[in-house]
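Two complexes are shown next, each including subunit A; its partner changes from subunit B in the first to subunit C in the second.
Up next, the complex of A and B:
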């Protein structure tokens, strides 16, 4: 009951401040940008000209899997950044403005407060991801060739799990600091650190959530899901739960100034 | 029957006791003022009573049949600077906090409507809170504190930031609320405490330095002041007044004198005799009951 109240309030808030509109649009733009550019670049160069007389450059046309991975990689960069930006103030801004004191004076459970906020933003990001990947898939189908719908759905699901972990990390820092800048900064540093450590020790850390997008790539190229994929997904889910649990405890013990 | 009893409540921040070993009880149906200068620990005390910060030590007992663990179910709280979700309308916000307080959607709606009527915001209910004036926000703050029919209403500086009209509105509202709930409010404005509360708790540097009904606190003063004024000031009057046995202290003021005495009856007779014998042109003779301000100043400066 109380959980649904907070969840609905978050949905309404994100609707009123247009996040439900602009986040999916920006995700879609970035998802289709690279495959479209790759496809049209030779023609653009031809039309615009500027190449020396007689010069011919052969652009190898990307494969379907490559084109699809272009979308995922863009979302893995810009999408992650946008996700951090839209969630960096979820709790910290309420702590800072003081509205938290008023909410806290009601019999609100900390667990409901954190998980409802988390779920509502996860829903927004998931919808944006699904929409952008479907649009990209549509264009790639037309321009590069076909790829199975099931494959798209499964890989989107994997990607959503990866974004869930990112939201978990941002949620955690949200309860540490009142400053949104600080939340964003530390979230980015943490994600970069996870990715850096994963790529340095990639032969050992085959279960790292940082490899999820790599495994999606493997899935597109080979059509098979590697066993490690499931482990890295499981680790991502476990880490998310840990992040949320720490966030709830932090909030509980937080003194209000 | 007591509604809430507080024993040896202490809150320590960075090794300073912001609230230092205070004990008191709240009786149902009373309006109690928590007085103290800025930084006395009023807000911290109220937040502990409202149940969302934990005391370092001491106990707060809330007597209620079938008490459901969380005291926040029974307490309505208005922060000193209430902040709302400004993108909501007043009505939406009240329904939201109502549902947070475990009311069903229908109950929350009905109660919100009732409270909007009570605090006179019914016409502004569809407006975004960002458009509200300071006084309107304060009234909305009171309404949200009442949403779940609390047994105890805690108001942190409910009138300090308001203009005279807003202040009057809120004081009248509190007077209205006294009918069916216990009210504890903090203030540093003594007039407000004197006007609407039956009991006061005086806090200074985190310690409870006086508590009781206004009469009790006033009576515990051992001196009384008398104000005198004359149309034409007699010669050497200050010295003459000081010569009277029962006069303890004479202070010259802009218009006349304030005389402090221990025994009012003796002093009154002696003073009036002297005035009559000397034929001084008296224009004012007033026995001033020691006001809360005197008590406050005396307690705080001691």
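Up next, the complex of A and C:
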């Protein structure tokens, strides 16, 4: 009841500042940009010219799986950045402006407050991801060849879990600092650190959430889901829950102060 | 061949156009921005894809 009220308020706010429109559009544009450029690269070079007479270049046309991974990689970079940016002020800006004290002076539980905000932004990012990957899939179907729809849905689901972890991390830092820039900076550093550590010790940390997009790639190339995928997904979910729990406790401690 | 190119690029152009329009509507409604509003109009219109994104991320002042 109380949870739904905050949730609806968040959805309305995201709708009013057009997040529901611009985030999906930007995700879609970035998802289709790379496969399209790869497809048209020979022709772009031809038009731009500058090649010596008689020069022939053979570009290997990317395979379907490669093209699809281009979209995923692009979303894994730009998409993550945008996700951090749109969620960096969720709690911290309310802490700063004092809206937070206004809300919590009413009998609103901290758990409801955090989870409702988290769910609303997760819903937004999931819809954006799903839309962008479906559009990319449509384009790749036309340009490169077919890839199965269930494969797309399952890998999107994996990717959403990865983004859920990112949102969890951002929510955690949101309760620590009042400055949005600080939240964004530390979230990016944390995510880069996770990815760096994972790629250095990738043979040991096979369950690391940083490998989720690699496992999606494997799934596209081989058509089979590796067992480790499930472990890294589980770890991502557990870490998200831990992040949210710490966030809730931090807020409680803030109230006592 | 060229009509195929247009068919493929048309959705992208439409999406970019929507993005620009949305950014402009938002710019008109919002009370204060970081920096002068006319500058943001230029950035949104001339900034290609990055213009509206930059506006949405750092342009609005809460």
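The rule is short, and it goes like this: the second predicted complex is superposed on the first by the 254 of 257 C-alpha atoms of A that agree within 3 Å, B and C clash if a C-alpha of one lies under 4 Å from a C-alpha of the other, contacts with A are read in each partner's own complex, and residues count from 1 in each chain.
In the analysis below, a contact is a pair of C-beta atoms (placed from the backbone, for glycine too) under 8 Å apart; a residue touches a chain by one contact, two chains touch by 3 or more.
Since the structure is predicted, the reported quantities are computational estimates derived from the model, not experimental observations.
Undergrad: Now for A:17: first (subunit B), second (subunit C), both, or neither, which partner does it touch?
TA: both
Undergrad: In the superposed arrangement, does A:182 touch subunit B (first), subunit C (second), both or neither?
TA: Touch partners of A:182: none, neither subunit B nor subunit C.
Undergrad: Looking at A:225 after the superposition, I want to know if it touches subunit B, subunit C, both of them or none. Which is it: first, second, both, neither?
TA: After superposing on A, A:225 lies clear of both subunit B and subunit C.
Undergrad: Between subunit B (first) and subunit C (second), which, if any, makes contact with A:205: first, second, both or neither?
TA: It touches nothing on subunit B or subunit C.
Undergrad: Touch check for A:6: first (subunit B), second (subunit C), both, or neither?
TA: After superposing on A, A:6 lies in contact with subunit B but is clear of subunit C.
Undergrad: Taking the superposition on A as described, I'd like to know which of subunit B and subunit C A:85 touches: first, second, both or neither.
TA: second
Undergrad: Give one of first, second, both or neither to describe whether A:29 is in contact with subunit B, with subunit C, with both, or with none.
TA: In the superposition, A:29 touches subunit C alone.
Undergrad: Contacts for A:98 in the overlay, against subunit B (first) and subunit C (second): which applies, first, second, both or neither?
TA: first
Undergrad: Enumerate the residues of subunit A that count as touching subunit B in its complex and touching subunit C in the other.
TA: Touching subunit B and subunit C on subunit A: residues 17, 97.
Undergrad: Spell out the residues on subunit B that touch subunit A in their complex, using ranges where they run on.
TA: 13, 47, 50-53, 70, 72-73, 75-77, 79, 81-85, 87, 96-97, 99-102, 141, 144-145, 148
Undergrad: Mind pulling up the subunit C residues that touch subunit A in the complex?
TA: 5, 8, 11-12, 15-16, 18-19, 22-23, 25-26, 49, 52-53, 56-57, 60, 62
Undergrad: In their complex, what parts of subunit A are in touch with subunit B?
TA: 1-2, 5-6, 9, 13, 16-17, 97-99, 101-108, 255-256
Undergrad: Mind pulling up the subunit A residues that touch subunit C in the complex?
TA: Touching subunit C: residues 17-18, 21-22, 25-26, 28-29, 32, 36, 40, 82, 85, 89, 93, 97, 135, 139, 142-143 of subunit A.
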